[in-house]
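Several structures are given next for inspection.
Here come two complexes built around chain A, the first alongside chain B, the second alongside chain C.
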Partner chain A sequence: MDLIESYREELKLIRKRGTAFWVGLLLGALILLPWVASEYFVYLLTLIAIYAIGTMGQNLLIGYTGQISFGQAGFLAIGAYTFGHLARAGVPMLLALLAAGVAAGLFGIVVGFPSLRLKGPYLAIVTLGFGIAVYQILANSELLSGGRMGLSVPKFLPEIGIPRATAVYYFHFLLALAFTLATYNLVASYMGRAFVAIRDNDIAAEAIGVNLTRYKLLAFAISSFYTGVQGGLYAQLIGYLEPNMFTFMETITIFVAVIIGGLASVEGSIMGAAFVLLVPQVFSGYKEFIPVVFGITIFIVLIFEPLGLSGRWLKIRLYWKNWPFR
Partner chain B sequence: MRRNGLRWVLCSLVLLVCLIPVSVRAGGVPGVTDKEVVIGWTTPLSGPAALWGVTALGGKAWADYINDQGGVNGRKIKILLKDDAYNPTRALANLQEMKGKVFAVTGLLGTAVVHACRDFFPENKVPLITAYGNTRMWEKYPKDRLRYIFISYPDYEDEAEFLATYAFQKLGSKKFAIFYQNDDYGKMGLAGVKRAMEKFPGKAQLAASVSYELTERALDTHALKLKESGADTVILYTTMSHGGLILKAMAKFGYRPKVLTSFPLGDPIMYRVAGEVWEGVYPASSAHSGIPGSDPEADRVADILKKYNPKIKGKEYLAVFGAVSMMYTIEGLKRAGRNLTPEAMIHAMESIRNWKPEGIGAPVNFGPNRHHGVNGSRLLQAKGGKHVPITDYILYKPHF
Partner chain C sequence: MERFLLYFISGLAVGSLYALVALGLSLIYRSTRILNFAHGDIASAGAFFALTLMGLKIPFGLVFIMALLFGSLLAMGFYFCILVPAQRREATLLGQIILTLGLGLIIQGLTSRIWGMEPQPFPFPLSDSKVWNIGGIYISELSVGTIAAGLLGSICLYLLVQRTRLGLAMRATSENLQAAQTLGIPTRRILAISWGTAALLGVVAGLFLAPLLLLDPFYMLEPFLKGFAAAILGGLNSLPGAIVGGLILGIAEGLAGGYISIAFKNTLAFLIIIAVLLVRPEGLLGEEFIERV
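Let's look at the complex of A and B:
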């Protein structure tokens, strides 16, 4: 869309004044929001921030590196339980969050090994098996899952003179912002390009010097790290964990967010996360018809916009750029 | 030039902010007007536990009936009903949405949901009148927070202990087996049975404890394991559908021991789920609700509910269960009087002594030091398509 003349220009996150204006406007609005919007709205945005982090991570793996994974619920659970146990032991929140991400990332490497030999549906099955295995282990081990009472996670209560919901929102908003910037950076770096090369043709990628073992495992580790952090944040927000919260449905939710948002798109990941959370919530008054409404909206989006929400977004931008010409 | 840009940004920001939905803070008590009081109800109307959402339909039908009788203290009851699909994230979001709009919340359903949402009530000064989930979570809950919570739900472990004890003492059972769901509900059942076994060392034994996962449907191997244990009595802590499946599988192998079950299987709809193998089973039922088809009081309520919502037909047990929760809320509203505040509601609920909602169930007692209104069971037997009570109400110690 833009004419890029140098590598430095390519690396720039925001290339035009106008874009800077709109991005600034959006960020400003998001910062001011908790002071004017209802607490319900703020809570939904907090949830979107949490899910956006995991969706971005999975998009790195599925969208950018082209490795299909159905193990999201497993990584989410590992992150959530790591965080839960550490928070109960009195470890500071940020440290526990980091540990949640690292623990999930380490398991990501383990799950990544089969990806060196397996592709497509075969890899999908392996990761699916991992997700189910994690659930089973948690359901059967009282030591890990906190036993028959579930695991209560102490809530993070900042006393900094602003309402709790607002503080919680700011924390998640800043974290999501940091992850978004990190993702943009990563995608534009050598690593990001290596991911894309592997997706497009792994043999060719190897021929031009991309270390397949290293970058496939890295893709798994990084994406799992993101999902682990999402799990930790989720545990913190809900304050209670039981294995039934990490069934295959959770995998589907994140997977749908990646696809609906648009493969290989950072902004798409955020839009996808917003989609999977907002559609059921906005229609919650329709009661028993929600699954139908949800399913139909997914159909509609994918039939009319196979590139997902980010594809539609790109077309809208292009339309206005060329307006009044078409 | 740069300054100009900044001004633009600021102006646009202000404009944008004006467009955002602003939280409405009306004066007075949330959810209460001169003519209306709003009760929030989030429940699974879709997803794996959708059947249990009938409790909310029953509660709403009862509120409609009371409204037709003139309401409570000159106010009509409005139910704000939302679907949470048994998902704690969504339940919490629904409650956030209800904040400022509802006076109280009734009938929260699911252990994970209740646990995730419990802090919402004291933090926002919204009374929670009845919740259906593992009661042990309230035991160590701080007292100043527990003030907002009123529960009438039996404890699974107490119930399991009672079932095993009763079978040993009255049904002549000696060798027990338990078939349970691999989660907190099933494991509490197991703990209760073990507790009962410890009371009769050498006389009663637990020969097998077999667990299953919620996703399993083929239960033949489990049935064989139960059969091989040689137990004369099997206790079930399962969902309705798994209870039906395991009994059919056991019958297939010619294994017909005495069967006792936890109260979620107390619904006579089990005859349709399990078929003829259900005949003779001893299901427990919660002491706080009634059995349509056996209790005339419950029948009267069920008839009213069906008039207000014909969809309830065939699901009377759960509908009455939910309607009883609504009766608790209405009793509180009545006692709180015309000047309705959360504090008045708490005092009103705490003043309830020896009260039976429409004559249903065991007497309810709340108080400043007691927020577990009824903790008890009644044993039923499946006979000729009906669930017939064979014991009186057995009350356990309240837990909080």
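Let's look at the complex of A and C:
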């Protein structure tokens, strides 16, 4: 779309003054929002921020590196339970969150090893097996899962003079912002290029000097780090954990968020996360119809916009840019 | 030894149902490269439909056939009304897989709405408790019926694919879509028939699983995942592979559940698959996919 003249320009996050204006406006609105919107809406935005982190991670794996993983619920559970146990042991929150991400990332490397030999659906089934194994181990081990009553997670964030929901929102908002910036940078770096090269053709990527082993495992590690952090944040927000929160449905939710948002798109990941959380909320009055409505919206989005929400967003931007020509 | 045979036979019975589910999945994968995530849900919709018909005092044979027809019509409807328009707009492969997920969600929602979330018993003519003693081994009537159904389903599919003109067209379409079109094969109709046949096999498995498990909107999720795993184990693009994979998975599960631990039955099954795939990445009977750079 744009003419890029130098490498430095390519690396810039925001290339035009107009874009900077709109992004600033959006960020300002998001910062001011908790003071005007209802507490429930702020809570929803907090949830979207949490899911956006995990969806970006999954998009790095599916969209950028082209490796299909159905084990997301497993990484989510590992992150959540690592966080839960550390928090109960009195570890500071940010440290526990980091540990949650790192623990999930290490498991990600282990799960990534089959990706060196397997592709597509074959890789999907191996990662799916991992997700199921994590669930079964948790469901059968009272020591890990906290038994029949579940594991309660102590809440952090002390009172600092502003309403609690607002403080929680700001914390998650900043974290999601940090992860978004990190993802943009990652995608523009050598590593991001290597991921894309692997997606497009891994043999060709190897031939031009991409170390397949290292970058495939890195993709798994980074993506599960994101998911682990998502799990930790989720545990903190809900304040309670049980194995049933991490079934195959959870994997599917994140997967749908990635595809609906748009493959290989950071903005798309955020839009996708918002989509999978908001659609059930909008129709929460008709509780039994939520899966039906969810399915139908998936049909509509994918039939009329195969590239996902970010594809539509690009087309709208292009339309206004060229207006009145088309 | 007797215990071994007992676990072996019960595993064989479950395995033949996994084989039927796996056959449906690999039939669709072979021809369209789509993993059908709604496969289990179509089967449970068929089973619930059969439950309603049985409430109307219709003889079971008729109910069975009507449930099969219902399932395949559902799948063909999905193919024509959702998948074809999406393909016209050049949906990606992952997008098409998500479409099947959407169909699954819709069916789950509708079955929960119409038939409720409560698990319901499924009145089946073959009973689980009536046991035959053959040479010292006890086999329930249901196991025999299940194994027979699996065998019959596989043979019918084999005859359809290998011995009829329709099967020839199906094989041609899955081999090379454009070439098949050039030869005058109505590929869209053939693919719709593939979807219908696959759903039909799924509904057969669903009906035979219903008396083993209780009927609720999610009862096919686990058998579906197992069938998926079985298809992968045998090689996704190979139909005999699906049968072999299903039987191996069922028997491994039966033996693992009997000798090691019933709680980790599922995990052990997946461990076997991972081990096999690490040695043979394309599955037991799958063909290696050679790629040009």
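One rule holds for everything that comes next: the second predicted complex is superposed on the first by the 325 of 326 C-alpha atoms of A that agree within 3 Å, B and C clash if a C-alpha of one lies under 4 Å from a C-alpha of the other, contacts with A are read in each partner's own complex, and residues count from 1 in each chain.
One rule holds for everything that comes next: a residue touches a chain if its C-beta (ideal position, glycine included) is under 8 Å from a C-beta of that chain, and two chains touch if they have at least 3 such contacts.
All of these numbers come straight from a predicted model, not from anything done at the bench.
Asker: Between chain B (first) and chain C (second), which, if any, makes contact with A:Tyr190: first, second, both or neither?
Answerer: neither
Asker: Quick one: is A:Asn140 in contact with chain B, with chain C, with both, or with neither? Answer first, second, both or neither.
Answerer: In the superposition, A:Asn140 touches chain B and chain C alike.
Asker: Is A:Tyr319 contacted by the first partner chain B, the second partner chain C, both or neither?
Answerer: The answer is neither, since A:Tyr319 touches no partner chain.
Asker: Name the contact category of A:Lys155: first (chain B only), second (chain C only), both, or neither.
Answerer: first
Asker: Given the touch rule stated above, what does A:Glu242 touch, chain B (first), chain C (second), both, or neither?
Answerer: In the superposition, A:Glu242 touches chain B alone.
Asker: Looking at A:Val256 after the superposition, I want to know if it touches chain B, chain C, both of them or none. Which is it: first, second, both, neither?
Answerer: second
Asker: Should A:Leu25 be classified as contacting the first partner (chain B), the second (chain C), both, or neither?
Answerer: First partner only.
Asker: For A:Ile290, using the defined touch cut-off, is the partner it touches chain B, chain C, both, or neither? Pick first, second, both or neither.
Answerer: A:Ile290 sits against chain B and chain C alike.
Asker: For A:Tyr40 in the superposed arrangement: first (chain B), second (chain C), both or neither?
Answerer: first
Asker: Would you mind listing the overlap between the chain B footprint and the chain C footprint on chain A?
Answerer: 136, 140, 288-291.
Asker: Quick check: in the complex, which residue numbers of chain A touch chain C?
Answerer: For chain A paired with chain C, touching residues are 62, 68, 114, 117-119, 121-122, 124-126, 128-130, 132-133, 136-137, 140, 201, 203-204, 207, 248, 252, 255-256, 259-260, 263, 288-296, 298-299, 302-304, 306-308.
Asker: Mind pulling up the chain B residues that touch chain A in the complex?
Answerer: Interface residues on the chain B side: 5, 8-9, 12-13, 16-17, 20-24, 45-47, 50, 53, 81-85, 88-90, 92-94, 96-97, 99-100, 111-112, 115-116, 119, 134, 136-137, 182-184, 187-188, 191, 213-214.
Asker: So in the complex, which bits of chain A are touching chain B?
Answerer: For chain A paired with chain B, touching residues are 17, 21, 24-25, 28-29, 32-33, 36-41, 43-44, 47, 136, 139-140, 147-150, 152, 155, 234, 238-240, 242-245, 280-281, 284-291.
Asker: Spell out the residues on chain C that touch chain A in their complex, using ranges where they run on.
Answerer: Touching chain A: residues 29, 35, 82, 85-86, 89-92, 94-95, 98-99, 101-106, 108-110, 112-113, 221, 225, 228-229, 232, 236, 263-264, 266-267, 270-271, 273-274, 277-278, 281-283, 291, 293 of chain C.
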